[in-house]
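Going by the order they are written in, the chains are A, B and C; count residues from 1 in each one.
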Amino acid sequence: MLKTFKKGGVHPPENKLSAAKKIEVLPLPKSVFIPVAQHIGAPATPVVNKGDLVKTGQIIAKSSSFVSTNIHSSVSGKVKKIDFSADSSGYPKQGVFIDVEGDEWLEEIDCSEEFVKEFNIDGPEIIKKIQDAGIVGLGGATFPTHVKLVPPKGMKAEVLLINGVECEPYLTSDHRLMLEKPDEILVGTQLLMKALHVEKAVIGIENNKPDAIELLSEKCKGYQGISVQPLKVKYPQGGEKQLIKAVTGKEVPSGGLPIAVGAVVSNVGTAFAVYEAVQKNKPLIERVVTVTGKNVANPSNFKVRVGTATSELIEAAGGLPEDTGKIISGGPMMGRAVASLDVPVTKGTSGILIIKEDESKRKEYMACIRCSRCVSVCPMGLEPYLLMTLGEKQIFDRAEQERVMDCIECGSCSYTCPSQRPLLDYIRFGKGKVGQIIRSRKK
Amino acid sequence: MSKLLTVSPSPHVHSDDSTQKIMYRVVLAMVPALAWSVFVFGIDALRVILIAVLACLAFEYLIQKYLMKIKPSVMDGSALVTGILLAFNVPSNLPWWIIIIGSLAAIGIGKLSFGGLGHNIFNPALVGRVFMLISFPVQMTSWPVNTQSGIDAVTSATPLSIIKEGISNGTPISEISKNLPSALEMFWGGIGGSLGEISAALLILGGLYMLYKKVITWHIPVSIIATVGIMAGIFWMVNPEIYINPVYHILTGGLMLGAIFMATDMVSSPMTPKGQIIYGIGIGVITISIRLFGAYPEGISFAILIMNAFTPLINYYVKPKRFGGK
Amino acid sequence: MSITVIYTIATLSVIGTSAAVILYFVAQKFKVHEDPRIDQVEEALPGANCGGCGFAGCRAFAEACVKASDLSDLNCPVGGNETMNNVAAILGLEAVKKDPRVAFIRCNGTCDHRPKTNRYDGATTCAIASSIYSGESDCQYGCLGFGDCYDACEFDAIELRADLGVPKIIDDKCVACGACVEACPKDLIELRKQFPKNRKVVVACRNEDKGGVARKTCSVACIGCGKCEKECKFDAITIKNNLAFIDSDKCKLCRKCVPVCPTNAIIEENFPPRRVATEDKKECSTAN
């Protein structure tokens, strides 16, 4: 039976152009720029200096607090400099520039493709390995995974949800990973289950990926406690709260974490990274990135080293099209437009999307005609038209009352507005301001 | 690369829907009823529609350009919808100058004085209609004969006004009914009345098209019609000699037009489904109260305008169910 | 007919009179006693309710003035010394003379100086643009040009200059209320001491990047070379994070720092033209 979340949601055209393309390994770039802040939380502190020789997998920046992760070198070579450069956040961030020389891996890393199913390791050790490997949520939120695996006092995880929804249009990296590495994902899931002490895991996959549903359902039989839940196609089903609602029927309370309803959500990519970290000793230094767009010559899925410049990926997919208007890091609904092609692939980059010139410009927006579509598509049951006005007029106390902080920034409201109003722009602004007010109140 | 990259906040795709498209869908939904009115009332109906539409467009353009000094937005389709709705609400033999005054009231007072599309509290077409009804009651309530009804008269009254007059003269319903068209006639449009209100069937057809295209939701029309039906039904069961059966209330007096095309006006109706049902019930209750106990035979226009005034209040108190409770 | 009219008028008059009487007594009963001086002080204030004094409007400021035992912490930047003297006279206190201030946008990154490297296409406010990225040029510190300061200004003292890409402050209209300072997400606007004839010498840059990087993004960026700091005899100039800052309270308008700046990041305004030696100096600066 197909499940889905109840409230709101939209159906943008899927445009999964690269769904049939096998994951290719992108050739090593000549140089990389690895930002030290690729996750939510405190940036890591660089531990290498200019001129140092580093090996692939070596730690180049150490996490400085619990909510933070290590950053590893994704290549071997010489540290050129430690400097600031723009990443997909749009602002210059500190990072390590490395000139690639050969590809020499740390000895303890098992680089072979051989599948290792058996493990004999206890929960805390798994968490330790995940933390050391610098694993973060690969769905795009980049929250450090080890933090999620340690529930706050008094709370207990009951079920692990593996997010194979990939509800963003265009993106296919998770889809391909599920098709090509199903066993690895399932072992990763088992490791996460053990770390969390849960008996049950559900992999949620949208119905537009029948091949992945079939394959994983078949493979699941060999793994205890793991099942596949097919889901009706609807954006933003990949949102943590929406996925929990769809699969378990429970609603995460406003302002609460998924653990409040006994759920922990991890992306399939994260599960795969956990497998590699625990079974192969391999830190998170590469990931699958979809390079796509309607005018891209050869939409592809690449296995890319972290720190590779966007331009290299686009080159490998057939070069930058003439009528490029916008380049997005991530999907079209929640991804960030980048201002330059030097922006590196980071742990959270699930795709590079190229939008044509004529589709990249917003139309002039008109007055709100109160059609209430934004209200009906909001998956959080908010009133975007109202929140936008409150943001615009800077009435932040009322915005807080109207639960602006519940907004998950999925963009369904802006997507659907017939007057083309920039609803999310102002809601995000209001959310930021209200967040500041709430934080200053706590102090 | 020669061109500059565009940077904007997410989302980067849009549903390709627009306000114009919505407005033109509404226009399309009104076409069957419009065609029927021309068929029934002849070229006169076409005259009324043309005058109303052109006057609305012209007033919108002139006021925006010369009084408000903003870029005129006549092409957004909203003035066109207002014009057609205004024409739907008047008899086909209305003098041209009254239509123009009504259009000015609709666009000038009903819409632009509040700031234009999206800011008006009341449905502009209804503001125009009520303005005309109060200013020119005689012209507004003498309808030409319906060529399809087969009644021999120069001017005919609407079923509701026949009932109202009959009851005030003390005639029992059973007597009045003899002069009334059958329910089937009313459903298909064989009755006298304003341009757009005569054929329930074609109005419902337009409503179904708008539902299919998601221009409207079912909440407002269904709650209005159900409320009117239930309330009229209760009165009818209490005393069928004074109160006519609910079918007449539902099929006449522009109730269908009001419920499907006027009350559903996006700008002046509530945002949440729950709010829309409250709004619909309110319109139903007020309509029946005016029809049965008020001075006018029809009440839907006033009912919608009154509930329009409550829309901001409904929006303030009736919130969608938030995800995550509380 | 006439009887009806008379009845109507009579009834309405009776209702009106009785309502007035009731209201009068109610108003008496619930009257809140207020210091009458609050009204007087409020009267003396400009009534702009701009909040530049730090209070929520003129009334709140007037209340604070009446309560205060000395006026040294209270200042109405809009009315200036004159208004504060009037307020002091009403309250029988001493007004402290304060230097008038004027806002200045510390960015000279106009279209000519700072090439655009991308095109922004979102809601046109600085707050939203700065929340998603650093801006249309490569300078992450510079003015975005969408005019949040313009929107915040209640006194029409800021003009948007589409030709420049950076708004300009109209010194004579600026009352230094500080609304634009709050509104600017890049923290570019500073309230500086207002000199006679609106003369000013100021570093029109906030770029904290290293010299080379800053220079690449904008031709008039401060590169933090420190030449102006050495030149200044009044210790008015400090260099911090690769950026020079001229303290307007120490600056004597000698203008010595202006010609030594290799990037023309220091600008002088409203001075008479220089007479001699400017040619040589210019050559020097380009030779550097």
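As a working rule, a residue touches a chain if its C-beta (ideal position, glycine included) is under 8 Å from a C-beta of that chain, and two chains touch if they have at least 3 such contacts.
Keep in mind that what you see is a predicted model, and the values were worked out from it rather than measured.
Novice: Sort the chain contact graph into one of these: line, ring, star, complete or other.
Specialist: The chain contacts form a complete graph, every chain touching every other.
Novice: Counting only C-alpha atoms to place each centre, which chain is farthest from chain C?
Specialist: Checked the centroid distances; the maximum from chain C is B.
Novice: For chain A versus chain B, what separation do you get between their C-alpha means, in angstrom?
Specialist: Taking the average C-alpha coordinate of chain A and of chain B, the gap between them is 49 Å.
Novice: So how far apart, in whole Å, are chain B and chain C when each is placed at the average of its C-alpha atoms?
Specialist: Those two chain centres are 52 Å apart.
Novice: Nearest whole angstrom, what separates the Cα centre of chain A from the Cα centre of chain C?
Specialist: Each chain reduced to its C-alpha mean, chain A and chain C end up 42 Å apart.
Novice: Mind pulling the chain B residues that touch 2 or more other chains?
Specialist: In chain B, the residues touching two or more other chains are 5-9.
Novice: In chain A, what residues contact two or more other chains?
Specialist: Residues 90, 336-337, 339-340, 360-362, 422, 425, 428 of chain A each touch two or more of the other chains.
Novice: For chain C, what residues touch not just one other chain but two or more?
Specialist: Only 117-118, 121-123, 128, 131-133 qualify.
Novice: Write out the stretch or stretches of chain B touching chain C in their complex.
Specialist: 4-9
Novice: Along chain B, where are the residues that touch chain A in the complex?
Specialist: Result: residues 1, 3, 5-15, 17-19, 21-22, 73, 76, 78, 116-119, 217, 266-273, 315, 319-326 of chain B touch chain A.
Novice: Quick one: in the complex, what on chain C touches chain A?
Specialist: My answer: residues 117-118, 121-123, 125, 127-128, 131-134, 140, 209.
Novice: With touch defined as at the start, can you tell me which chain A residues reach chain C in the complex?
Specialist: Going through chain A, the ones touching chain C are 84, 86, 89-92, 336-337, 339-340, 360-362, 422, 425-426, 428-429, 432.
Novice: Could you please specify the touching residues of chain A with respect to chain B in the complex?
Specialist: 7, 10, 12-13, 90, 169, 241, 245, 251-256, 320, 324-328, 332-341, 353, 355, 357, 359-363, 366-372, 375-376, 378-383, 385-386, 403, 406, 409, 411, 414-416, 418-420, 422, 424-425, 428
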